Every structure is written in C-alpha cells, then in structure tokens.
Amino acid sequence: MLETPRKFTVVSGSAEGPSRLNAFDNALLAAGIGNLNLLKVSSILPPGAVEVPQLDIPPGALVPTAYGAIVSEVPNERIAAAVGVGIGADGDYGVIMEFSGRCSREEAEAEVRRMCAAAFEARGRALDRVIVAATEHRVREVGCAFAAVALWY
Amino acid sequence: MLETPRKFTVVSGSAEGPSRLNAFDNALLAAGIGNLNLLKVSSILPPGAVEVPQLDIPPGALVPTAYGAIVSEVPNERIAAAVGVGIGADGDYGVIMEFSGRCSREEAEAEVRRMCAAAFEARGRALDRVIVAATEHRVREVGCAFAAVALWY
Amino acid sequence: MLETPRKFTVVSGSAEGPSRLNAFDNALLAAGIGNLNLLKVSSILPPGAVEVPQLDIPPGALVPTAYGAIVSEVPNERIAAAVGVGIGADGDYGVIMEFSGRCSREEAEAEVRRMCAAAFEARGRALDRVIVAATEHRVREVGCAFAAVALWY
C-alpha cells in the first residue's frame, strides 16, 4: 500500500498573481509549500501523526495535502481560507476540515472549528482540540487565499 | 513507481450534515469509507484486481479512489450518485465511470452503465459486465450522495 | 515517502464523447494516456527529471499528472488546453502550468508560457525554456480538450 504519513504541518498564505493559477502558486509559496507536488486528499490525520512546525521536504516530492483555496478576481473583495485538524481525546485518528469563502479570517477559522466538532460528533468521539491555520486577503486584481495540512514522512 | 492496486471495493452512501463538507464526510461514513485519505483518481481498474466486499484498511491510509459526489442545499431536492466498473470479456484492465446529478438512483445507475459501454466501445473491446453501486438522497438541509470505487492492496 | 518521479512526458488530445466523462476519457485516449489512473498534482517538475517522448506504463498504474482540461456541450464552440513545463537555467526543479479555456490553441499555449515566466519571476529564478503541449477542438456535441504532464519512474 501507499505509505501512511507520519508527520503533519499546518500552513496558510495569501497572494496576488497575474493569472488565477499564478495567484494560487504564489499563495502556496507564501505558505511555504510552493515547490512540492500536492496530492489533494480527503482528509484524515493518521493515528500517531506528529505535528512538525516546518516542512522539510525536497522540491518536487509528492505530498498528500488537505487544503482549502479560493481565487477571486473581484477588486477589493475579502477572501479567506482555513484548515482545522480535529484531535481526539482518545489518541486515535484525527479529522481535517477545510474551508474557503468570501469572508474574514476569523469567520473561516470559526467555520473549520464548527466542522471539526461536527465531524467528531458524527463519529461519537470526544474532540480534544482543533489546530487551525487561516489567512485572509484583500483582492487587488487576482488574489488567492490558501490553507493546508501537508501530510508527510 | 507507486504500487498498483490489487483489490477494489465498490461503495455508496448518502447523508445530511451541518455544512457541505460535513455532509460529504457523513456520506463517506455512510458508505463505510469515512476514515481514510481518499486520493481521487481518473479511473482505470488495474488488470487482475480482485473485488473485495468489505474494506479492510487502517484509518488515515492513502486510498486511490474513483468517486462521484453531489452536495445540495435545496430542500426536498433528490440527488443521486453512481459508479460503474466495466469489466472486459478479455480479462484485461477495466474502466471506472462516475456520475452524480439531480436524478434518481436508477437514472444514475443507467448513466454509468451507458458510460462504461461507451468506454469499452471507444477501446474496441467487448464489455462483459458492469459492477454498479448507486445511492439517492432526498435533501433536508444540506445533503450529499456519494459513490466510489476504492482501489487498495 | 512516496517516490519522487524521475521521468516526464508531455501530451495533449481532444475528442468528442456521448457524455462529459466519456469525452474526457476519449481525450485521454487521444493523448495516449487513457488507460492509467491519473492522480492530479499541483505541479512541480522534480529536479533531474528527464523528458521521455512516449509513456511506457502498464495499464491501471497510478500516475501523478498535472493537467488542464475543458469539456463543452456548446456546438461549434472552440476549446483549447495547454500545459507548459518551465525549465530553469540552473538545473533545479521546474514549474508546470496548466490552462484551458474557450480559445485557440495558440492562445492557450501563449498563456501557459506567460504563466511559466511569471512562476519563475516569483521565485527569482532565470527561465531557460518552456516545453509546451497544446490542443484545440471544435465542439460537435460534447467535446473535451486535454493537455497533461505525466510524472513517472
């Protein structure tokens, strides 16, 4: 099977760019995750995975990543993205939730906290805490807000 | 290279949730696939892969998965999702097709059957049978219908 | 960790199909990449990766792939997709950009060239050249234009 990740790092960043994809690319660079091959996952924290503050991964590596992103071309619009990692009281697997929208960073963060709480309730498990990363951005021309949980080894 | 999957399991499920992503998460739980890291693939059944009725995968594992999903926030709307695995008469690789829409389970199932037939015709191969999983859901507030083929080891 | 790809192949293709997903599937077949499990990546060329003109990968294999695709059901509409691989003067990692839209092949190609240039500028690196694949298609009923960089081993 594909090796299950053992580490995770929570990041966020916002940026402008000359195109939608460049804005996304620049937001990844701002988040410190721009030179990797992100594989989007849907999105469980493996049991025993350890949080590491900084990514230490060579460029071009394949990195399973749960993320939320929004790109806007509406000048002056406020956009935000957040991720939350719900950690259980029982030491079992965690649940990762992503959100992005036309709102503030605080609203995005509150939303992923609610989503993590609901995910634990749906599983009948006690939620201990939620690790959050969130960002907001005021669009100039083409802007992107991006938040992610990278799962690595 | 990344190891080619040798097993597959076909699942489906529908659910409500307090947000779009929670509805999706709950539909995955209803389908029995909620505690994994789904890697969305586009979507071929490896030659020789064996159907296994139940998933037996530890939480947080990376699982290549072909899936169709629809989320709706329109009360009383009927939504459906289906997957089909087209199996050839020749024992070679199969083709996986996904569909979701605002329709009945029967319509979604018929659609993936048609799509698998067309995929085999495009390859000039004889289709032996189609393995299908399908689900429909009547939305209350925020609902999701989800159908998937998990590829594992 | 997941093994980092060491080869890459740039492809493109367009096709019609009886459904949106069949059109996509047929465009993949036209591009010579139809019988693989594409894992969508976001999208860096690993340092030292070597371009190989033809894919040599068994069916059903998991293949990290950066791609742009557009499906249209508007008769007579022109659609296009392009990918660009920006290669640096320094031999370090490259940057892959994807684009698809309702435009000509030349416009799609020019767009990915601009995007690769911007991605190198954002990184403060000198761009040596851009390897491009692009395709355009005039829709009859349901058409798809697809361009990709497959990363393999």
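Read from first to last, the chains carry the letters A, B and C; within each, the first residue is number 1.
Here, a residue touches a chain if its C-beta (ideal position, glycine included) is under 8 Å from a C-beta of that chain, and two chains touch if they have at least 3 such contacts.
For each chain, UniProt lists the protein as follows: A, B, C = Pyruvoyl-dependent arginine decarboxylase AaxB.
Owing to the predicted nature of the structure, the values given are computational and were not obtained by experimental measurement.
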| item | value |
| --- | --- |
| Graph class of chain-chain contacts, one of line, ring, star, complete, other | complete |
| Magnitude of the superposing rotation for subunit B and subunit C (Cα, nearest 5°) | 120 |
| Centroid spacing, where centroids are CA-atom means, of subunit A and subunit B in whole angstrom | 25 |
| Touching two or more other chains - residues of subunit B | 2-3, 39-40, 64 |
| Footprint of subunit B on subunit A - complex, ascending | 1-5, 39-47, 49, 64, 92-93, 95, 97-99, 111, 114-115, 118-119, 122-123, 151 |
| Subunit A contact footprint on subunit B (complex, rising order) | 2-3, 17-19, 21-22, 24-26, 28-29, 34-40, 57-64, 152-153 |
